[in-house]
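Below you'll find the structure I mean.
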Amino acid sequence: MTEKPKLSIGLIGSGFMGKAHVFGFATAEKVFDLPMQIDLHTVADINDEAATRAAHEFGFRHATSDWRTMLANPEIDVIDITAPNALHKEMALEAIAAGKHVYCEKPLAPLAKDAAEMADAAEAAGIKTQVGFNYICNPMLTLAREMIAGGELGDIRGYRGLHAEDYMANADDPYTFRHDPAGGGALADLGSHSLATAEYLLGPIARVMGDCVTTISERPDGKGGRRAIEVDDIGRAFLRFENGASGSIEGNWIATGRKMQHDFEVYGSKGALCFSQERFNELHFYAADDAHGRRGFRRIEAAPDHAPYGNFCVAPGHQLGFNDLKAIEVAGYVRAIAGQGPEPFSFRKGLRIQHLVESIQRSSVSSSWINV
Amino acid sequence: MTEKPKLSIGLIGSGFMGKAHVFGFATAEKVFDLPMQIDLHTVADINDEAATRAAHEFGFRHATSDWRTMLANPEIDVIDITAPNALHKEMALEAIAAGKHVYCEKPLAPLAKDAAEMADAAEAAGIKTQVGFNYICNPMLTLAREMIAGGELGDIRGYRGLHAEDYMANADDPYTFRHDPAGGGALADLGSHSLATAEYLLGPIARVMGDCVTTISERPDGKGGRRAIEVDDIGRAFLRFENGASGSIEGNWIATGRKMQHDFEVYGSKGALCFSQERFNELHFYAADDAHGRRGFRRIEAAPDHAPYGNFCVAPGHQLGFNDLKAIEVAGYVRAIAGQGPEPFSFRKGLRIQHLVESIQRSSVSSSWINV
Amino acid sequence: MTEKPKLSIGLIGSGFMGKAHVFGFATAEKVFDLPMQIDLHTVADINDEAATRAAHEFGFRHATSDWRTMLANPEIDVIDITAPNALHKEMALEAIAAGKHVYCEKPLAPLAKDAAEMADAAEAAGIKTQVGFNYICNPMLTLAREMIAGGELGDIRGYRGLHAEDYMANADDPYTFRHDPAGGGALADLGSHSLATAEYLLGPIARVMGDCVTTISERPDGKGGRRAIEVDDIGRAFLRFENGASGSIEGNWIATGRKMQHDFEVYGSKGALCFSQERFNELHFYAADDAHGRRGFRRIEAAPDHAPYGNFCVAPGHQLGFNDLKAIEVAGYVRAIAGQGPEPFSFRKGLRIQHLVESIQRSSVSSSWINV
Amino acid sequence: MTEKPKLSIGLIGSGFMGKAHVFGFATAEKVFDLPMQIDLHTVADINDEAATRAAHEFGFRHATSDWRTMLANPEIDVIDITAPNALHKEMALEAIAAGKHVYCEKPLAPLAKDAAEMADAAEAAGIKTQVGFNYICNPMLTLAREMIAGGELGDIRGYRGLHAEDYMANADDPYTFRHDPAGGGALADLGSHSLATAEYLLGPIARVMGDCVTTISERPDGKGGRRAIEVDDIGRAFLRFENGASGSIEGNWIATGRKMQHDFEVYGSKGALCFSQERFNELHFYAADDAHGRRGFRRIEAAPDHAPYGNFCVAPGHQLGFNDLKAIEVAGYVRAIAGQGPEPFSFRKGLRIQHLVESIQRSSVSSSWINV
């Protein structure tokens, strides 16, 4: 057995998503026979102490309080950005300029025009990119996509997508960066996942009509005062797909009681699919050609039949967790870097999502259908 | 015990809904202590044979092939119309003119302007009216309405409603009266139920933005040819309620696999409700003030706590059926006729639904929000 | 059309089950084309006032405080017994002696030996009998039975049955007749339904091993004191069926939170079924020969495909209620009286259940398998 | 920050469970702040080629075809046994004799007497042991245990446990080591998990009554002939717990359609819990003191409130996977080795499960309750 080439990672940020990325790297390497060996090289955080602690906790060999030092280090192959959204553009552009591959958490950038610059720069530089839309890495979504593409549902007619949570439901919780008019709001934060899933399953959306609503009109500003909220708490859209189907999505971060309602239903002429991220190891399938009196939605449980589930568990019913989805995302990206496949969700695709989000926002203001 | 006054029914039509009405009358009388005694007097159908057979099967004392004879009969108190939609207006107006109370299946009339004429005539005549929006007669919906009105959910913020079935999913099924551009389409047929439920729960809708889509563009005309379809197979709307909440509904008759997806979710500042007609003896309730680590949607099962369930079953968990909902509708109407309560769903309310449907249809054409 | 012969009912008792029977009669007549016309002739209750009120409420033509007068009345064809269990035997034997058909709520009698006397007497007299095991009247159970009998599950191997509720869960609720050592207990009251369903689906049980447990060892006696409880709060059994399958059942009346957990799962060599009375308009079916990667339990919703659902609703998904099950029971019994079919659940079958219950109770005491 | 002491692992076996252990080690180290640094030192397999491949795939530094060489290596601290069950005893005893800590997949040994030898030897040697009963490492089971122990359900009265799968449902699948009369059968293989969960939640079982059934009486022997099967396909037991509750469990490997039905229901005087491994990030909780008309089973979703979920995901609703449960198991064991807590599931506990299994098997033969 020959030694695999090393792929050295420079991670920026060590919060929620930084941690999830590290789990993803660790698991991906164990679970998949990757073409490259992942090396957790350096982690950057806001100061030396935080960076050193993160390096220790996550298993990086080096720590730095200046992410730019990583760009200058020829040992590092990939810059992995899990810093605040507002910094994504600057970091990515510099990393691209330094010839690094760039892995960036969603959203690619708060604004589509910035995301476009990033995608253009990445393609011009010929480096490999990845944006973290992890829910589509679920084997049950891959199954759904294959069933749709393979004609098992017949002609696709109707779609309903949804991503609802409740982390902004408390009106007494203060203003955060997620409320920044530049890139903030439930549609951008959660609806973006719904849009990614919709296009993953059905292909391109052609037109959108938006309805973005600010429900909690002001919040504590964290300094004893109040601050007006401009971004949407609920963002809805009607959709037309290029394949002729129509549909709708909703992003909602004030859905009291919902923690992960990333759901969809797809209706075709021959069958239907129904899915909820709340039970994401299941896909419900209705086949219109089942025998009379025996028809019904089947609860398909994730199993080795549904790649790459079998890499994680050799028996059915054992279930993947959220971090496993991240490992699947990582694996796809590493293969792309090794030239063994397409980028699973490139900056170009991340830009597409930003474009859809902004189109829906503009449509909501203008009350008009917008071609996308 | 004094004898109850008799309430004599003249039924027009003996199909699906005619039958459901008869079951409703029979059950209502056994289950409730109604202020009047229901008398199945006469049934009218298209010819003598059909009428006689219906009378025999349903237990009416008389049969007629001419519904107008019932109007002239002073013994008959209520004209119950389950004839095709296109005839509702003519029948109802004549019945009102004859001084009869009128019970009419939904839709009140294919067009709102006709429904308005009917509502005006009924009110001018002082007779009692009822339109058959039976799903709102469910004790679990009454519970939901009470919980919302009583503040258990806090401020209401978001709503999602839905009524999807699949009886038009087969593109080879022929054109029917339900495809008639005057009053036809999924929004009118099914979305109307969603609208009725939405206003039943949250109060008046203030504005709508519609999206009505014809997916199956032509169908067999039943004579060997093809006929273009103009009405919507899927009708969606964004909603604004007068209470400040926003929401959406969808009516869909090509949702392969769905038989009765009359569902809703309501999100408030303090809690949420989730319901599906597919399991209509349950209401799912999330209380944000449950203890940390113990929160979750509660599956409340229908029980004597939830009036009028207890009239049907003295123990919890036994469940009501669809025909029981019809009996609850009948009971409310009989009480209204006896002066013991408001009309549960009067012609005025039936008109309201038609108005909402048409507003959504117009909004879909004009791509503009319409005040309703 | 010829006039149908009349079938006159004399009902004893007007409580929970008396009411359910009346609803059953009323609905059965509307819903089914019965061979006889049901006539609610006389209701008997403990005194004139109660009887008269019941007659008025339920629509009987006559009332009596002496049930024996009904036996002497040649107009009455059927004696319907919903009086306390302890009276079933005396009433039934006298009714049989008077040549009446007898419809008796479950249990047929507290003790099997009494039930045997009743079954023998009924058969000797040639009258038609019915015991009220209503849960098996569900079209979804009929479907399950047909699927099993038709080989859709292959060889039947394993069975789990259950009937759990919580109406005895409160230890402060007083001693009632249901705690009477003669015929009382959760196994007799609820487990009996599980046994009826088990044999309805799989055919005869051959052997049982019991485990009957008294959990709440004493209760208020209603007079300020305490009374020891001897009957089981939970009654379990291992089962062997004549078809070679093994299984288990449980009856439990202290299952806090459960209102109607009458559930079963059947596993065969080619498929499986899963059912809960909590959602009794559904049957879940797994077909082992579905395509790889597409297998899963299908949620079959009750529909006109599943007779006699179509008598109640002509469209799928509308759902039956508990009282509808009672109507199906009534219809089967009326047809049997008219000579148009077998008795759905005769006294002989009611005796069988009592025999099973007592065998399990004895087995629990002796810790030995008992052939049944 | 001081360097953590190293904990070097010597793994025997690289199949299904070997892989799961490696995933567990990798994830545990990333997710938890363990007191020791895990070092994947050597993997042993049946020949050099297999061992080398496993080392490469799993990230071990060394490989060997002779597991005994690992015992002699002073660098190795823990021997992790995922070899066939029949070898567990020999390997464990030698490892213990060599002073190693021993981590052994379940079952500890096919026979309780062998397991007892192993537990005795481990305790005498003072080394730390762990048996892989991973399902109890679920935060939702920890929550259930805490709720029960904390009195949230009141007095515990009834229990139903279950572990059903279908990997032996095909009668044409050949005889395997799992059919070996010494230690084989569904009760030992799957029912053992039910027993572990039962005691984890409710404390010690006091008495058992068994029912072990061989349903598929012979299988292909893999050499063209047939071989009789002696072990159970379904193993059931009635249970008495020391806390006074009664219950039942079932292990079943021919439950067509079931992939991971590791379920339980617990009923107490004040509440109830309901769980299914099919949706193992949920726990359903009924609180009898919820308000009238608002009671129902709550679907509690796994969240940071439920330690150690928060180590994996900082937001609720994201869900753990099967391999995460293994990581929790590993973490507990590493802490025990570091002297920071008790052994989560020691050989003594593993012996306990074997003892329960054999007691149920003997009880099934003798048809008598056995004290355990």
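Chains here go by letter, A, B, C and D, matching the order in which they are written, and residues are numbered from 1 within each.
Basically, a residue touches a chain if its C-beta (ideal position, glycine included) is under 8 Å from a C-beta of that chain, and two chains touch if they have at least 3 such contacts.
Each chain and its UniProt protein: A, B, C, D = 1-carboxy-3-chloro-3,4-dihydroxycyclo hexa-1,5-diene dehydrogenase.
For clarity, every value in this text was computed on a predicted model and none was experimentally measured.
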item	value
Intersection of the contact lists for chain A and chain C	B, D
Remotest chain, chain B as reference, centres from CA atoms	D
For chain A paired with chain D, centre-to-centre distance based on mean C-alpha positions, whole Å	34
Length of the line joining the C-alpha centres of chain A and chain B, rounded to whole Å	41
Touching two or more other chains - residue numbers and ranges from chain C	258, 295-297, 301, 303
Chain D residues touching chain C - in the complex, by the definition given at the top	153, 157-158, 160, 162, 164, 169, 171, 209, 211, 213, 215, 233-234, 236, 238, 244-246, 248, 250, 252, 254-258, 265, 267-272, 286, 288, 295-297, 367-369
Of chain C, residues touching chain B in the complex	1, 16, 19-20, 22-23, 26-27, 29-31, 33, 52-53, 56-59, 165, 167, 258-260, 277-280, 301, 303, 312-324
Contact set on chain A toward chain C in their complex	143, 282, 284-285, 287, 290, 292-301, 303, 305-306
